[in-house]
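Shared between the two complexes below is subunit A, which has subunit B as its partner in the first and subunit C in the second.
And now, the complex of A and B:
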């Protein structure tokens, strides 16, 4: 494949990775920022989102769009409630102690994963996209007869893949509005800045925590619902999103939503481009190296507020 | 045989240590009772199964096929007058767990033999332990690992042809009908490497060449990023993929090429347990697939195939009779059925009575050559090579026509023969 079309394809693939990664990592970052909880089970909430999407779309049947819309609405809601109840049942009892919550969320990871294996089974299950059209992309070139447009072999995308990118942007905008323009966002930011002071001002911190944990998980689930029509629901699919989300959150700065989104863009795009031109393994190596560099030279992350 | 005794003793002593004096009287009579009743006690076949992990789709059908085969054997009076019992252990499609499972068969379950493994990395992980424990270990894997001499005398593959033989038999069809410049897409582990190495050699022997080799990790979930490596000059895409995301792989390949695709020749592995009428697979119409055993009942279907399908509960489209969306791994799972029948024949020839006769069993199977097309071998006739512990059979090349696979070419058994690379019979037990 020629360089130009190749780069365009790589950028498109990277943009999809970045979009889903941004949703997932923002969820993880939110949980850490507000609650100081490192949620190791985050990837499993992602997996549950995909599994829930499969159950919902299979149960509804009919046109794939019906099942998809229902999945977009209900899957994050169900997973969010599940996560909030896990917060109430487990994390609250540990008084949100950072070390103990890590161990507790590792436990949650295994419980959720094995639960999915029992309930959903070991097979990958496809979810049909609500719409899907191959879009051949043109490329422009100065040829012998001047400026010409042609359709290179393999340079194409899919209407649903483009939808993923736009949907993720819209969701992130929505989240930004919630965090900056609503009372819920205000309360969450207050809790993030100073838990004790927030308590003193009458903010029900425990409820904010449950809400945050649920919201974080719901964002991961939403990312999975969006991606599952181009991948498949599978009980072990939570590993990669967890790893990449951690990389993104560390690079972006723990708890910084803006940093997380930018780091997701950086990691997603570089993953896409390096994977296409070189190999996916090299992309992971470089991302991990970047994390090491950030930890050495800028431990608070690119947009972190510095250590307290 | 000495080590068999040693194993039994160490197990007893371990039990003694664990259970203490109170438990010992309860356990020991059980053991001695088993010894007295040996003649009517079941023959225990340890079934190493990919029930979870990336091989789970195969595991589901390997289990159904093996259960049906054992039920049939038991209906016919068992082996040497004794019933057969499958002892199933999940290996999670994981090599490390595979070796542990083999160990459990030999020491904990006291199985007579081990059986069933498919994924080649699990075979590689498990086979050395089977050799150390002197447990006859029958794999249903397709990998060239047995015939290459990489394993040991206790490992045999009498139910399915290995990849080297398969691709050698099919390369002439690809070169003569589809094209000479081939791009290979294969999973990045032992099984895929067998394809890479042996198909490259086989197509060169036909005057063709492999213009690109694209390795994809079997755990990958997104594939579009690999396809730009396909050179423009490619005349034929040769694809073989395994793992949970095979459907995504094939869909994204179709999307990548759009209307201007090269010829496509796939191993049905890329779509095992996947419905050919799944949305996004329409582009496969007219493309070719290797099938170990034709998924769709053909016009010239044999009585053997009918009986075999009925025994497992598979309809003429290769799906479960109770759920038409539950598509089988039809091209591979016959290996379980046939291997179990080879084991039966071997045990009968050896007069197998118990673990002390394991060596006799292996020698009896090494003496086998022809396996006739029959209810025992519904996939077709086969020739077993006792020196390399590998069986050779017919291969089927099918074309997708109106959403079903119709066999276009059947290779001769001899097409897949190659020089022996090992003589296991010269190795000591």
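And now, the complex of A and C:
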């Protein structure tokens, strides 16, 4: 395949990575932004989302679409409730102290991971996509009679991969509407900006924290449900999303949702493209170098506002 | 009436309030005075429930508010205008007022009425409803902090140095609003350092020192001997 069509395929793969990364990283950013908690167990909620999707789709059986729809609804809900319970049982008792919650979420990471190993087993499990149609992609070339469109051999994607991108965009738009146009979004933003004043104006901050922690985990789980038909459910699959989410959140600016989405686009696309043309390891090396550069030259992130 | 009975409070192991007794009657302005570090702002935090009492009680009419969860305090119509304004800087002016309205769960017609009421008090805020609070001038921020507190339709209004760092015209406007609130029957608790403001507003002055009651004077006693303020504050 020529370079142009090859780049187009790589860009498409990058867009899928970016879409899932944006969902996962926005969850992490939300948790940090509102609660000032660095959730090291965030990748495990992603993994649990994939495992829950496998359990639900296997239990329901029948047409893959039925299992997928049930997984989209119930997996984020279950994982969100689990995370909210973890907040209530662990983080609240530590009074959301930034240092102690890091250690606590490291513990949570291992508990969830080993729990998944015991309950789910060490093998990767496939989840069938609800639909998957091959879509041939066109390419344009300057020929004797001007621009000509043709379908190069091998330049194709499938409908489910395109659906992932659109679904992630729709979910992020929905989140933006919730954060900017609803009462609960206002409550979360007020809590983020001044916890004491939020309390003084009747906001039950601890309930907002539980909701935020649950929502952050649910977003990661939702990302996993979307991607698991393309990848597979595996008990160690939370590592990469955690690393990339931290990279994205640091580059985007801690707590900045807009910055997180833009950084996810940057890192996801570059990860996808570099992985296709070179290797996934090189993509991670470059992303980590970018983080180091950002930390040196702009510690608050590209879109962060620094400390209040 | 707000009745603070024998209240003590600590930051960790450091005790900052010792057996404080203050009453603030409806339709009166009670000034709380003291030198820096006397515990005035801590007292405001304690009344709001942001810092728990270690002993004593805070009663509003027949309800003991000091045993309630802190986020329930505004539901009992106690509102705070904190020192330094402490607005939600990235929320708009309208959203800051909305947070105040939400504290009492005002809905529908009542919500609109309350919103109109506070915007009538501070017309300049109406022009800036979509502007981020952090981008307002100091005076406008103080108006917004006051409007946000009044949006809960308080029975008790706590004001912690509302004139700090503001130009005289804005201070005058804020003082007019405080007088209006007094006339409407609110119990106003005002932490103030400036002698002229105290003399012009206070119905009662409570001096505290190192977290303890020092002296309580009526308006008549203050007027008879204004020098008492300077002596007690060391200014």
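Here is the rule we go by: the second predicted complex is superposed on the first by the 302 of 308 C-alpha atoms of A that agree within 3 Å, B and C clash if a C-alpha of one lies under 4 Å from a C-alpha of the other, contacts with A are read in each partner's own complex, and residues count from 1 in each chain.
The rule is short, and it goes like this: contacts are C-beta pairs under 8 Å (C-beta built on N, C-alpha and C of every residue); 3 or more make two chains touch, one makes a residue touch a chain.
From a predicted model like this one, the values you see are computed outputs, not experimental measurements.
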State whether A:187 touches subunit B only (first), subunit C only (second), both chains, or neither. second
Quick check for you: in the superposed arrangement, does A:201 touch first (subunit B), second (subunit C), both or neither? second
Between subunit B and subunit C, more residues of subunit A are touched by B
Touching A:165, do we find subunit B (first), subunit C (second), both, or neither? neither
If we count contacts the way the header does, which residues on subunit C are in touch with subunit A in the complex? 48-50, 69-75, 80, 82, 86-91, 95, 98-100, 102-104, 148, 152
What does subunit A use to touch subunit B in their complex? 1, 6, 9-10, 13, 17, 117, 121-124, 126, 128, 132, 134, 136, 153-154, 156, 158, 230-232, 234, 236-237, 240, 272, 275-276, 280-281
Touching subunit A in the complex: which residues of subunit B? 51-53, 56-57, 59-60, 217, 220-222, 224-225, 227-228, 230, 232, 244-245, 247-248, 252, 255-258, 260, 273, 278-280
Residues of subunit A touching subunit C in the complex: 183, 186-187, 189-190, 193-194, 196-205, 308
